Amino acid sequence: MDSGTPRLGILMVGMGAISTTLVAGVAAIERELGKPYGALTQMALLDGAPMSEALQLPKLNQLRFGGWDIADGDAFDAAQRAAVLSPLLLRELEPALREITPMAGIHDPRYLRRAEGRRLKPQTNKFEQAEALREDIRAFRRRHNVDRVVVLWCGSTEVFSSPGPAHQNSRIFETALKQDEPTIAPSMIYAYAALKEKCPFVNATPTLTVDLPVMLELAEANGVPVSGKDLKTGQTLLKTILAPGLKQRMLGIAGWFSMNILGNQDGAVLDDPAAFRAKEESKLSALNHILEPAVYPELYGQLSHQVKINYYPPRGDNKESWDNIDVIGWLGYEMQIKINFLCRDSILAAPLLLDLALLSDAAQRSGRKGVQEWLGFYFKSPQVKQGHPEHDLSVQYRRLQEALREMARQTEKVGVRS
Amino acid sequence: MDSGTPRLGILMVGMGAISTTLVAGVAAIERELGKPYGALTQMALLDGAPMSEALQLPKLNQLRFGGWDIADGDAFDAAQRAAVLSPLLLRELEPALREITPMAGIHDPRYLRRAEGRRLKPQTNKFEQAEALREDIRAFRRRHNVDRVVVLWCGSTEVFSSPGPAHQNSRIFETALKQDEPTIAPSMIYAYAALKEKCPFVNATPTLTVDLPVMLELAEANGVPVSGKDLKTGQTLLKTILAPGLKQRMLGIAGWFSMNILGNQDGAVLDDPAAFRAKEESKLSALNHILEPAVYPELYGQLSHQVKINYYPPRGDNKESWDNIDVIGWLGYEMQIKINFLCRDSILAAPLLLDLALLSDAAQRSGRKGVQEWLGFYFKSPQVKQGHPEHDLSVQYRRLQEALREMARQTEKVGVRS
Amino acid sequence: MDSGTPRLGILMVGMGAISTTLVAGVAAIERELGKPYGALTQMALLDGAPMSEALQLPKLNQLRFGGWDIADGDAFDAAQRAAVLSPLLLRELEPALREITPMAGIHDPRYLRRAEGRRLKPQTNKFEQAEALREDIRAFRRRHNVDRVVVLWCGSTEVFSSPGPAHQNSRIFETALKQDEPTIAPSMIYAYAALKEKCPFVNATPTLTVDLPVMLELAEANGVPVSGKDLKTGQTLLKTILAPGLKQRMLGIAGWFSMNILGNQDGAVLDDPAAFRAKEESKLSALNHILEPAVYPELYGQLSHQVKINYYPPRGDNKESWDNIDVIGWLGYEMQIKINFLCRDSILAAPLLLDLALLSDAAQRSGRKGVQEWLGFYFKSPQVKQGHPEHDLSVQYRRLQEALREMARQTEKVGVRS
Amino acid sequence: MDSGTPRLGILMVGMGAISTTLVAGVAAIERELGKPYGALTQMALLDGAPMSEALQLPKLNQLRFGGWDIADGDAFDAAQRAAVLSPLLLRELEPALREITPMAGIHDPRYLRRAEGRRLKPQTNKFEQAEALREDIRAFRRRHNVDRVVVLWCGSTEVFSSPGPAHQNSRIFETALKQDEPTIAPSMIYAYAALKEKCPFVNATPTLTVDLPVMLELAEANGVPVSGKDLKTGQTLLKTILAPGLKQRMLGIAGWFSMNILGNQDGAVLDDPAAFRAKEESKLSALNHILEPAVYPELYGQLSHQVKINYYPPRGDNKESWDNIDVIGWLGYEMQIKINFLCRDSILAAPLLLDLALLSDAAQRSGRKGVQEWLGFYFKSPQVKQGHPEHDLSVQYRRLQEALREMARQTEKVGVRS
C-alpha cells in the first residue's frame, strides 16, 4: 500500500451478523481466503474496465473499520455469536477481528424491545448523546488517520414509526433532542451525528433513520449523500427480478405467497409484531409498484400478496424463503411457480454494504449530496426524493450503470478529490 | 366487424396442441369465455394506449385460421387429442373448431421419426410439393378473401441438422428441390413456399426452417419478415429472467441443473435423442450468452449447466420444470435456489404465437423484411442477422418496445398499408 | 338393489365442502362417473376378499343422506359454493343433489364467529334444541325407511374450549341444557341428540363434541360407537407416515416447520386465532407422541415444531402444504427434507367420512360401543379411552386390520344384525 | 476398556467416501466430537434398555478397522478426497486415520470401467487372488489380535451381471477361479475369501457379491451370516416409508418420478449406463413390491415409475433427490406430492454400515447363518432366501425388532459367545 493513498473509514452502527461478516470478509479477502462474490465494486466491469479502477475506489487494504454496539465483546466475539462464517475461517481471522472493539452505543427499549443494552454511553440526554457520537467519529478519524468516513446503519430494526413534527427541520429537531423528545429514536441520533460530521450515511434496514425532512435538509446543507432503506437480499431480490418478467409477458398473477424462516437475531427481533410491521411494509410495496394493478386490473387487480416471516431457530443465519406464485395464462388457465431459496442473510448483505460504503464515498467525492436514487439497486424500499421508487432490478441496474459511468467520466477528468 | 376491414389469414404448419390452443382460444375470447392472458397485443399498453390500437392491429374477429397436418381429423379432433383445454370448454367451441380441417401435409420419416403420416399430399418430388403448398396458400387467400397471410411453423421438432451446400441460395436450392436433395427437410419446403408467396414466416420450434441463407435471401428479395427459433415459454423464460439478475448482483453460479417432465406429443418426440439434440442446443445457449463466462471466469467459468427432458405420460401437456441453481456468495459461501414451475406448455405458447402473427404482419405493413431481431423477446434461440443474440428478457423487452414505438409512429403518420 | 336389504342413513352436521363432496361422490360413483379412491371400504381387500363383502357393508345405493346446515340452499347450491368438484361433473349430478335440502340448524356466534346463521331452528333453549334435533333424526328414519343412522359432525371448527363442570355426566348436562349453560356448544347438542337416538357419532373436526365424560357415559349406556377427532388428511397424514420412519432409523430432527395455504371456508374460519388454537393443538401433538423426546432427548429434545395455517384465497379448496424438516445425521451433519403437497382438502376427506360411517355402523352391528380406538387411523387427534393415542400410521393400520378381521369373523358367524 | 473384552475387526472393501466416513466417525465419537445419529446400535432402545447392552455388542473402542483399495493413499487421504467431513474435523482425526492404510486390492476394468487401479495385488490368477485376500484377513486378525472379523463390501458398483453357470456351487466356482473365468467379478472373489475365512459379509451396493448360489452354500457350510444388497439411504428410504402409507389409505398413484443429482465418485461411476442398470433395477423394484399393481390394478396398474440419476459435480457427496408423485384421490381428482431431500450420501450410509457390522457379528455369535432377511431394514434390495423381499420400512422394522429381541433373549441366557 502506498502510504500516501488516502484511507477510508467505515463506521457501522450495530456490530452484528452483517457488520462482522463484512469486516471478517474484507480481512479474509486480503489474506486470499475468499473472494468478494456479490460485490460489484470488486468483481464487476464498467465498460470493460474493473469498476474499482474506473471509479478510483479505495483498495480493501485502505479501509479502516469501526462501530458502535450495545452488546459486550469485540468483533471476534460478535462474529462467533452470529455464527455466519465457519469456525475454521474465524479462527484464522481472530487477530484481525480482536482489534476492533465497538464503541459504547445508545439504546431506547421503546424502540428495540427484544435486545438488552450492556454497553451504553453514560449520557442520557439525546442531544448529549448526539454530541458524544460526533466526538466518536472525530476520534476515529484521528486514531486511524482517515480523512473520509462513511456511516452504515446496520442496527436491529426498530419499532415502526412515522415522521412526526419533531423531524421537520434541524432547528426543531435540535430543540427536541435537548428536550428528550420521545419520537426521536436512537437511529435518528446516529444519523444526525453522521450528517453533522459530513459522513455519507447508508441505511441497511427498514428503520427511518435518514428518511426524514430534517436529515435531508442536513444532507443537502453539508454535502452528504444518503441512501436506504433495507438491503434487498433474498426473497425480495428474487421478486424484483422475476415479477417484471412475468409482467412483460402479460401473464396474470392471482396470488403471491411469500414465506420466510430464519433463526438469527433479526428473526427474533421481527417476531415482535411492531418491528415486523416496518419490515412488512418494506417487503409488500415492491410488488405493487412493479405490477401496477391500477393500470392492469385484469392481470393484477385481484392479486393476493402475503409476506410471512417466521422465527425458526434451527436455521440460524441461513434464512430460507419459499414463494408460491399463482400465475394466470391464456384463457385463465392456472399455473404455479414455487421458489425455494436457501440463502444466507449476511452473506448476501455484506457485499452490498461494501459497495454502498465505497460508492457513497465516491458519490461524495464527485460532489453528489442528498438522496442517491441510483443506489436503489441495493434496497428493498429505495429512498427517493419524491414520487414512487423504481423496484424492477433490471431498470435499477441500468440507472446504477448510468450514474457510475457519469462518475467515472468525472473521475477521469478531474482525478480523485480527497 | 366492419366488412370493409381487411382480414388477416393465419396458416399453421402442424395442427397440434399449440395451434389448436391458439385457434380455440381466439374463438373462446370472441365468445367471452376467456381472456387473452399472455398476449401483449391484446393486453398491453404502449405508452398508455392499448397496443392493438397504437399499431392498428386486426381485431380477433378479423383473423382467419387454416393450416396443414399429416394426422387425421379436424381442429376439434386435434384439440381433443391434445387435451390442453377442458372438455367443457371444447364442447362450447366444437362448431368453430369443426370448421377448420387441415390441408394435407408433406412428411419425411428421416426428419420426424416418431410420427406417422396419415394425410399426405400426392406429390413426392420436393419442388412439386413446394408448388402444391404455394397453391394451398393462394387457395386459402381466395377462399377467405384475405389479402395478407402469415405462416407459423408449429410442427414437431425435426431431427437436428445444420445448414449445408443446398441451402446457400435460391438458385441452388430450387435445383436441389427438383432433385429431391435429402438435406432439404419438410420444414424448409414450407418455409420456401411461404416466402415465395410473400407470407411472413414465424418459426416456433428449434428446427432450422428459415435460419438458412436461401431463406434470408428470399425474405429480403420478397419483402418478408421472418423470425424464430423456438418459443420461449417455461423453464427458459424463467432462466432468462433470473440469470441476468443474479449476474447484475455479481453472484457466482457453480451449477444450474434444469429438469423437465412432460407427457405430450412434444415429449414423446423429444424422447428421440436426435430430436432432443436440437432442443438441447437451443436450451443450453441462453445461459452462456447471458453469463459470459469468458468475461467473468471467477463467477461463471466452472458452471455446470445441464438440461434434461423426460417423457412422463401422467402429466400430459402440463409440463413441469424443476431447476436447481447453486449460487456462490461472499467468500464462496454456497446458496441454492430451487424453482418448480408447474406450467402448461400450450397455454404459454398460444399467446406468443398470436403476438408473433400479428406483429409479423404489422412489421410487413411498415416495410420491414428479413430477420426481425426485435422479436427475440419471444424465442429461446433468437434468430439474428449476425453475431450473438440477446437473451436477457428485460433487454429483449426494451428492444421490442423501441421497435413497436417506431412502428406506432409510422402507423400514425401513414395509416395502415393493406 | 334388493328391496329387502336394510338401508343406512347418514346425517351430516354442516353441509359444506366435505359433506357435499361425499354425497356428490357417492352419486357419481353410482353413475360410474368416478371411482372411490381413498375409501378402504370400497377399494381394499381384507385377507384377499373385498372389505365390503367381508364385513357385509351396505352398498353405496343403500345409503340415504341428509343433514343440517345454517346456510341457505340445497346440497347442489352448497356443492357449487364449495367449488371442489368440476362444474361439468356437478351439472351431471344436479338432480341427485337438489333432492337433499339440509334441515335447519342451531348456531351460537360465541362458538363460531366467522359464519352467519341463515337457517335456524326456532327453539332458543338448548334442551329444546336437542329435542328438535332428536325429532329430526326420527323423522329422517321414517321418511327414508332406514333403521340405522350414523351422524357425522362436519361443522366448522368451533372456538377452542375444554371440558368443564357441565360436561361431567348426563344428569348435570341435561340440567345445564335446560338452563342454557354457556359452556355447552352447538356441537355438543348435536352429539347429545345423536347418542340419545342411538346413532353412532363421528367427529371429523377438532371440536370437542363427543370427547366429554357425558358423551362417553351416554355412548356406553346406549350401545353407541363414537370416534374422533379431526380427519387426518393432508400434512398430518404425511407427517405420521414419515416421522415414524425417520425415528426408526434413529435420525435426529432439529426442526419441523409445517406451513399451509388454503382458501376455503375452513381457511377463513381458522383465520380466527381462537378457532386455530383447537386446530393447532390437534396438529402439534402427533409429532410429539411419535418421536418421544423424553425417551430420546439427544434426537428430539431440541425439536422446534411449528405449524402455520394461512388463509390464501386464490387456492380455494386446493390446500397446499409445505414442510421443511431439519434432519440430523451421523456426527451431527445436517440434512433437509422439503415436502410440498398440492392436495385437495375435501377430496381427501370425503372417502374417510364414507369409511367412518360404514365402519361405525358395522361396529354397532357387532356390538361395539363407546370410543372406537381402532378408528384412530382416520384421525389427527385420535380419541382414546385413556392414555395417549397412537399416531404412527402403520401401527394404526395394523390395529384397524385386527379390528376389521375380528368383526369379519363375527360377521361370518352370526350374519348381519340389522 | 476392559482388556479382556474381545475386539471386533471390520474389513472394508473399497476405502472411499462411505468407509472413511464410518472410520472417521467412530474416531470422532470416541473423542466426543460427534454423536452416532442414525445408528440403532448406538442410539436405540430395545424394550427400554440400550440396544448395545441388550445384545452385548462390542463398544466402539473395541473395533479395529482395515480394508482394501486400489487407489493410492491412506484413510486420511481418502477421507480428504471424499470431502464428506469438514476439513476442521478431519484435521482433528488425522492421526487416527493415518494409521489405516488399505491393503492392495484386485481390479478388473471390465467390471469397473471408470476407475483406475493404482494399488493392485501382484497375483493375476483369480484363485491366487482369493488366496491372497484370505491371507490378508488372517494377517489382520493376528496384527490386531481380533478373533472375529466382519467384511463389508463398499466398493464401486460393478457393471450389471446375472448369476451364471460358474456361480452355482463351490466346486464349479473354485475350478472357474483357477481358470480365470470372466464371469467371476472382483466382488465375488472378495466375498468368497470372506466366507472361507468365516467372516460375516455385508453387501452395501447393488453388485451381486453374495447373492449367488455358491456364496449361500459357503455361508451355510461355514456358519456365516450374509446380507445385502444396496444400502437404503436417501430417496429409496423415503419411498419405502411413504408408499406404504399412501397404499394403506387406498390412494391411487399415476406416476412417481424420482430424480437424483450427485457429484461424488458414485455419481461418476453411475454415469456409465452399464453400472446404472444394476442401480436402477435395485431402485425400481421396491415400489412395485409395495404397491402390488396386480392386486390393485385400479390404483397402481397404470403407474409410470421412473428413476434418474444425474452426475452433477457442484454437489459433491451432498446428493439431492427430487420426487414427484402424482396421487389420485376420490373420483379421480389429481394431487401432487413433491419431495426434495437435500441429503448426504455417506452420512446416511455410515451408521447403517456400523449397525450391519455389529449385528452381523451378533448374529454369528448367536448361531445364525446364511441370508439374514431381518436385516432387510437396511437395504434397497433386500436379499432373501426365496420369494420376494419385504420393502415396507415399518414392516422391516418390526421384523428387525423381533429378531433382535430373540437374540437379546439368547444373549441373556447364554452370555456372549466369543
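As written, the chain order gives the labels A, B, C and D, with residue 1 at the start of each chain.
The criterion applied here is as follows: a residue touches a chain if its C-beta (ideal position, glycine included) is under 8 Å from a C-beta of that chain, and two chains touch if they have at least 3 such contacts.
No experiment lies behind these values; they were computed from the predicted model shown.
Chains that touch both chain A and chain D are the following: B, C. Looking at which positions face the partner, chain C and chain D present mostly the same ones, since more than half of the interface numbers are shared. Rounded to whole angstrom, the centroid-to-centroid distance between chain B and chain C, based on C-alpha atoms, equals 51 Å.
With centres defined as mean CA coordinates, chain B is found 44 Å away from chain A. Counting partner chains per residue, chain C has residues 336, 338, 340, 342 touching two or more of them. Chain contacts here are complete: no pair of chains fails to touch. Against chain B, the residues of chain A that register as touching in their complex are 21, 25, 28-29, 33-40, 42-45, 85, 89, 237-238, 240-242, 244-246, 248-252, 295-296, 298-299, 327-333, 335-344, 347-348, 350-351, 377, 392-395, 397.
Against chain B, in their complex, chain D makes its touches with residues 254-255, 257, 259, 261, 304, 306, 308, 310, 312-315, 320, 322, 324, 326, 336, 338, 340, 342.
Put simply, chain B touches chain C in their complex at residues 86-88, 340.
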